[in-house]
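Look for chain A in each of the two complexes below; its partner is chain B in the first and chain C in the second.
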Partner chain A sequence: MSSRDPQRQPVAGWLFITPMLVVLGLFLAAPIVMALWVSVSDWTGRGSPFSSEVSFVGAQHYRDLLATDGLARQDFMTSMRNTFYYVLGVVPAQTVLALTLAVIVNQRFLRGRTFFRTAFYFPSVVSSVAISLVFLFLFTGTGAVNQFLGLFGISGPNWFADSRGVLHVAGDAVGLWDASAPPSGLAGTEVLSLSLWEWLAGPSVALSAIMLQVVWTTAGTFMLMFLAALQDLPAEVDEAAMVDGANRWQRFMNVTVPHLRPTILLVITLGIIGTWQVFDQVYIMTDGGPAKTTLTPAYLSFQTAFENIDFPKGAAIAFLLFALIFVLTQLQRFLLRDRDEARQRRAERQQRRQRRHTPARPTSEVSA
Partner chain B sequence: MSTTTRTAAPKTSAPAVGERDTSVKKVVVYAALIAFAIIYIYPFVVQLVTAFKTNADAVDHPLSLIPDPFSLDAWNRLLDTQFPLWFTNSFVVTIFVTVMRVLFCSMAGYALARLKFFGRDTVFLLLLAVMSVPGIVLLIPKFLVINYLGIYNSYPALILPLAVDAAGVFIMKQFFEQIPPSIEEAARIDGAGPFRTFWSVVLPMARPALITLTILSFQGSWNELGHFIIATNDSDLYTLTRGLASLTSGGLGSGNQFPITMMAGLLMTIPSAIVFIFFQRYFTQGANAGAEKG
Partner chain C sequence: MKHITRTFALAATGVLTLSLAACGGEGFEDDGGGDGEAGQSEAPASADGPASLQMLIASSGDAETQAVEEAAAAWAEDSGNTVDVTVASDMGQELAQGFAGGSPADVFYLDAGAFATNAEAGNLYAYEAEDNDDFYEPLREAFTYEDQQYCAPKDFSTLGLIINQSMWEEAGLTEDDLPTTYDELAQVAETLTTGDVTGLVLSPGIDRAGAFVVGSGGWWMNEDNTAPTANTPEVVAGLQVVQDMISSGSAALSSQVDTGWGGEAFGTGRAAMTIEGNWIKGAMSNDYPDLDYLVAELPEGPAGPGTLLFTQCWGVAAQSEAQAQAVELVNYLTSAEQQMAFADAFGVMPSRQSASEDYTAAYPEDEAFIAGGDYGHGPINVPGIADVVADLNSQLENIGSADLESVVESFDSNVQAVLGR
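On to the complex of A and B.
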């Protein structure tokens, strides 16, 4: 590491990153530390959380949310249940829709591809508030959606006011159970402050409407990712498969989908990270209702802190959500790790190393 | 991977051996396309049309695409609310955030890509760690610090926490790593210091990345909701997102406000739409650049 190296600019380097360090330090790192302290304290929201009157209470708030039977745990578990069904519905749906849209828009013979691509992507650049306002209107009891369903003789539900669980309704429809008199085995068994019957509710009708909206909104962004990947697919590979006599569906499943595998994994990962954080729509449209069926951890944490003025518990919920997202993404990365991808990454790393070596620079500076 | 190589990638062309785009296939694809297009465009048309309806007309004929009678009621009533103030607030905040983000992110991105200084790798690792913190988790923590600093209910509280975006730094770093170092070396040999090199040589070359970042920042701060919820509770400081969200606080679809909320949403969407239409290809790049951080 020679001091003559003209690229060595210790002072300039630190000056250049100072604004970033200040802003991220002040509004990202410091908040996390402060909130961690608050989540293990008994701060009431008045005065400084660092004053001597505020004391350490250990993991009490976390215990209230996870281990102690009570309203706090019941609400938290309700929000977890809701969001679990929400993620389970939204992530596959938006991935499939995005891929479908990308494949359609990628058809060579199509006229006006740019127009359609724009139309599908547009909701992604519009504020969630504006879209939520439109969907509130479309999904009111006498709104456009129900009038449209009425054309086919279907009388739609009063979407955002309907707390019935979709699985409860479906089970009732196929004769599995009577939703008005749930089987006592399910209704009487309590797990983590919710009865099995409640755990099995599925997303409520209200939550389903939000799910539809989110799938509709986010598919466009993911479509662009799929489109970029599709355009990287070499035509020769597809042709070779064709020569081998593979039909269109076989080619899609055996050539296109494997080629898209990394993109699919990325879309699913980003989808899971994004969906567990759902907040805006709940804040704008439902406030967690009806009957807490659109309560999500992010919204519950906000509500606990700012409406019930219980910052310690609100912060604890936020950290539990953080931990959950972190574990899920790590788990998923581990389960779906791709050998090809790893090999490719190794090759890229090697390439990068070689590129850095070319202008004779000291090797000690190379960071792999 | 560079975004430029992506756009430059040859589009698969020329129907291959034995491939015929049969008319059946065409019909199916076009049918699917039109169905999806309706699903995607119709809500915006409804929004546009309903904004010019009367309350009664909007409630009675939600499917109808012709306002009957045509009404500017919603517009007039909206002007009586704090809407114009919220619009101004949104503009002020968005402009400040965008300028600061573009400047700070490109400075940091350049330093992390090109300048060598002690601790650079550590800083970059910290940046990656910070990027993986889900934004929604930070709402309460950010409020605590804003409150502690005594800037709650002020413009600085709205603007400063958004002034740097870790993903933006990452995008700029990626970009600067692709610029050939020879040009900077030439500037240095001519006696330009790091600041001068950055300002007059590097930044002008970074135009595409700067535009992408500008658009992402504009879009991000114009549409931001969560941060503005925790940074203020004073309706004089509301931005559009926060203000409009408060318009629906009646909760579950109070049936008589729809033309107003549609008009408000429409007006809020116009700036985004203009930026989007003029800079569409940068959106595409931004979406993919953002993807690569994952």
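On to the complex of A and C.
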């Protein structure tokens, strides 16, 4: 074998990927290591966090956020609650909307297909700053949204100044409870620095307006992913189902959706990651208000670090957020896994194990 | 084979990361040295020869940027140094970046609300400008941390009572009816409330309601800023004044009348009166030039006159290598003449008492604002409690129905937690 064999040139190979390794190390790995150190140090934001004046304080900042009853934990939990409702609302809505839009613009006989594709995708390419400002005007007390609602005799709320929780309002409307005098069982019981009543608030009216905006802007991107997958679906399969007598809805549920499973997984994963990190809308429109109901972990991290000049705690919030997203993504991958594939893999593994227990027999040397 | 390569890759990445981290550490180690707490006793770092200064400002607009640039250029020309003025879009963040990176601007605007935290972190070089006693005392106090004044007040603003003249006259009120007590304020607010118009509209938060706390003889912290004092009858009484007016319907918060701040409610005619600072002049002449208004001092509370002061100072970085030159520049910028020039350019009030006569002569309508310089109270001056203050503000967003006792209690316990750390 000559030395020109491409598989035998590790040095050249390493040389070629060095630039990428350096870039990744410098801009990805090093900052992460630095931030991790900051989150367990007492760095005050002056000079290098690695200087000798900065000392190790252990998990103190994590304890403040998770274990010690105080303002830090209260703020963190408030942001967690807000974002939980936010994710719960936005992810399903944007996935369903994106899929619906993709199916619509995938029709072969739709007139002005290109126009609709562009129109639906358009919000995704406009800067979120511009869209946020437009939404601020749409959702003012006398804005277009409320005037539209007024046509139906509904007097809309003053959206971005309204801190009432949607669940509180809904429960009040159906007579479940009186929002001005919450049941003492809920208001009196505190879990992780927030009362049960506060945990059950649901997204505030202000946060709901942000949710509407985000669903609208992100659906276009995800529509594009669904569209690409839909165009991969061979027309014959659909036609075969048609011959079998399946109606539209059956074909969609039993042919299209299973085919889209990997894309659905992708969209939901990206959705969860993106929504837990929501920042720009909050930064531009609400600053976390009214009454902290649009505070999100990402914004809280920024605020803690740069306004309260508490970089260690800001970094700790960021790492907790990372851990949460990581766990949720794994969980969701597990729940949405392809069950047939998993069963097959399990069977293979069992086979291999059995083979190992049976007496050795000559095998050919072809393993990679 | 595959296994070995992967291990090698991991190891290589690890080594690379470590060496990079080490580089970062060494890179700016030297300027992190302990000149922070020793700032006052050490001689200022003075660059040899002509220095090149970086100045970071948070500008209210082109007028301010231009005026500051011109003044800095004039000083640079005189002194043979150079000054580079940069306008920050997010002051807090850009300052923090500079301090962390070891190369902050030499001279910068520093808000009184962010002062203590920066002083505690050792970011500031402590200096006094020429003729320091000439600055209003509350302003000097706003930039004093642990008995050490760190920087020279740039200018200041106070709150006044802004009154819509035509509404005032239509309601049959005259100059004699200008409220001098909180009761009278509540009365005229009630008189002025008609239909769509609310008598008095306030921006939410302690930066407005706090004036009533001062007038009632209370403050959020004790005099030495060592213990919280929000849970006292005086503070609660001050907040109660606002709550009573709101629940009677003669006053409202700006968010309740669908506006962003008191000035907007006032300009759009939703409010007959508001409580704002002298910055409202610019907003009125830009956005609502046809509205006639007058400015009165805030009414007196049971403990005498009370208003709030807002101010910024010229911070000089502890890490700056040209502190001596930076202080010279500040001396130039805070001279009475230069402050008057700034006042003419973008409507701020001079922080020097010696300039107050010139100022009131030039701007007689601002007399009420200037008067507040003598008795106003600066912002809460305690390091590391920005989140506590933010929490207080968010609880006061619905001051009309809030349980004031529990609001002040939670503030006290939150401050205790910070101070006890």
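Here is the rule we use: the second predicted complex is superposed on the first by the 318 of 368 C-alpha atoms of A that agree within 3 Å, B and C clash if a C-alpha of one lies under 4 Å from a C-alpha of the other, contacts with A are read in each partner's own complex, and residues count from 1 in each chain.
By our rule, a residue touches a chain if its C-beta (ideal position, glycine included) is under 8 Å from a C-beta of that chain, and two chains touch if they have at least 3 such contacts.
Everything numeric here is computed off the predicted structure, so don't read it as measured data.
Participant: Is A:Leu270 contacted by the first partner chain B, the second partner chain C, both or neither?
Facilitator: In the superposed model, A:Leu270 contacts chain B only, not chain C.
Participant: Does the superposition put A:Pro10 against chain B (first), chain C (second), both, or neither?
Facilitator: After superposing on A, A:Pro10 lies in contact with both chain B and chain C.
Participant: Pick one for A:Glu239: touches chain B only (first), chain C only (second), both, or neither.
Facilitator: So A:Glu239 only meets chain B here.
Participant: With the two complexes superposed on chain A, say which partner A:Ile309 touches: chain B (first), chain C (second), both, or neither.
Facilitator: So A:Ile309 only meets chain C here.
Participant: A:Val125 in the overlay: touching chain B, chain C, both, or neither? Say first, second, both or neither.
Facilitator: A:Val125 sits against chain B, while chain C stays out of touch.
Participant: Which of the two partners, first being chain B and second being chain C, lies in contact with A:Pro290: first, second, both, or neither?
Facilitator: Touch partners of A:Pro290: chain B and chain C.
Participant: Just checking: does A:Ser51 make contact with chain B only, chain C only, both, or neither of them? Give me first, second, both or neither.
Facilitator: So A:Ser51 only meets chain C here.
Participant: Once the two complexes are aligned on chain A, which partner has more residues of chain A within touching range, chain B or chain C?
Facilitator: Greater contact footprint in residues on chain A: B.
Participant: Per the contact definition in the header, classify A:Leu26: touching chain B only (first), chain C only (second), both, or neither.
Facilitator: After superposition on chain A, A:Leu26 lies in contact with both partners, chain B and chain C.
Participant: Given the touch rule stated above, what does A:Ser163 touch, chain B (first), chain C (second), both, or neither?
Facilitator: Touch partner of A:Ser163: chain C, not chain B.
Participant: Taking the two structures together, which residues of chain A meet both chain B and chain C?
Facilitator: 10, 14, 21, 24, 26, 29-30, 34, 48-49, 140-142, 161, 289-290, 305-306, 311
Participant: Contact residues on chain B for chain A in the complex?
Facilitator: It comes out as residues 6, 9, 11-19, 21, 26, 29-30, 32-33, 36-37, 39-41, 43-44, 46-47, 50, 58-59, 62-63, 100, 103-105, 107-108, 110-112, 114-121, 123, 127, 130, 132-145, 148-149, 160-161, 163-164, 166, 169, 181, 185, 188, 193-195, 198, 219, 222-223, 225-226, 229-230, 240-241, 244-245, 248, 251-253, 255, 258, 261-262, 264-266, 268-269, 272-273, 275-276, 280, 283-284, 287-288, 291, 294.
Participant: Taking the complex as given, what residues does chain C use to touch chain A?
Facilitator: Those residues of chain C that touch chain A are 2, 5, 12-13, 16-17, 20-22, 24-25, 27-29, 31-34, 36, 90, 92-93, 96, 99-100, 102, 114, 117-118, 120-123, 255-256, 258, 318-319, 384, 386-388, 390-391, 394-395, 397-398, 414, 417.
Participant: So in the complex, the part of chain A that touches chain B is made up of which residues?
Facilitator: 5-14, 16-17, 19-21, 23-24, 26-32, 34-35, 38, 48-49, 100-101, 104-105, 107-110, 116, 118-144, 147-148, 160-161, 216, 221, 224-225, 228, 231-235, 238-239, 242-243, 266, 269-270, 273, 276-277, 279-280, 283-287, 289-290, 298, 301-302, 305-306, 311, 314-315, 318-319, 321-322, 325-326, 329, 359, 365, 367
Participant: In the complex of these two chains, what residues of chain A are touching chain C?
Facilitator: 10, 14, 21-22, 24-26, 29-30, 33-34, 44-51, 53, 70-72, 74-75, 140-142, 158, 161, 163, 289-292, 303-311, 368
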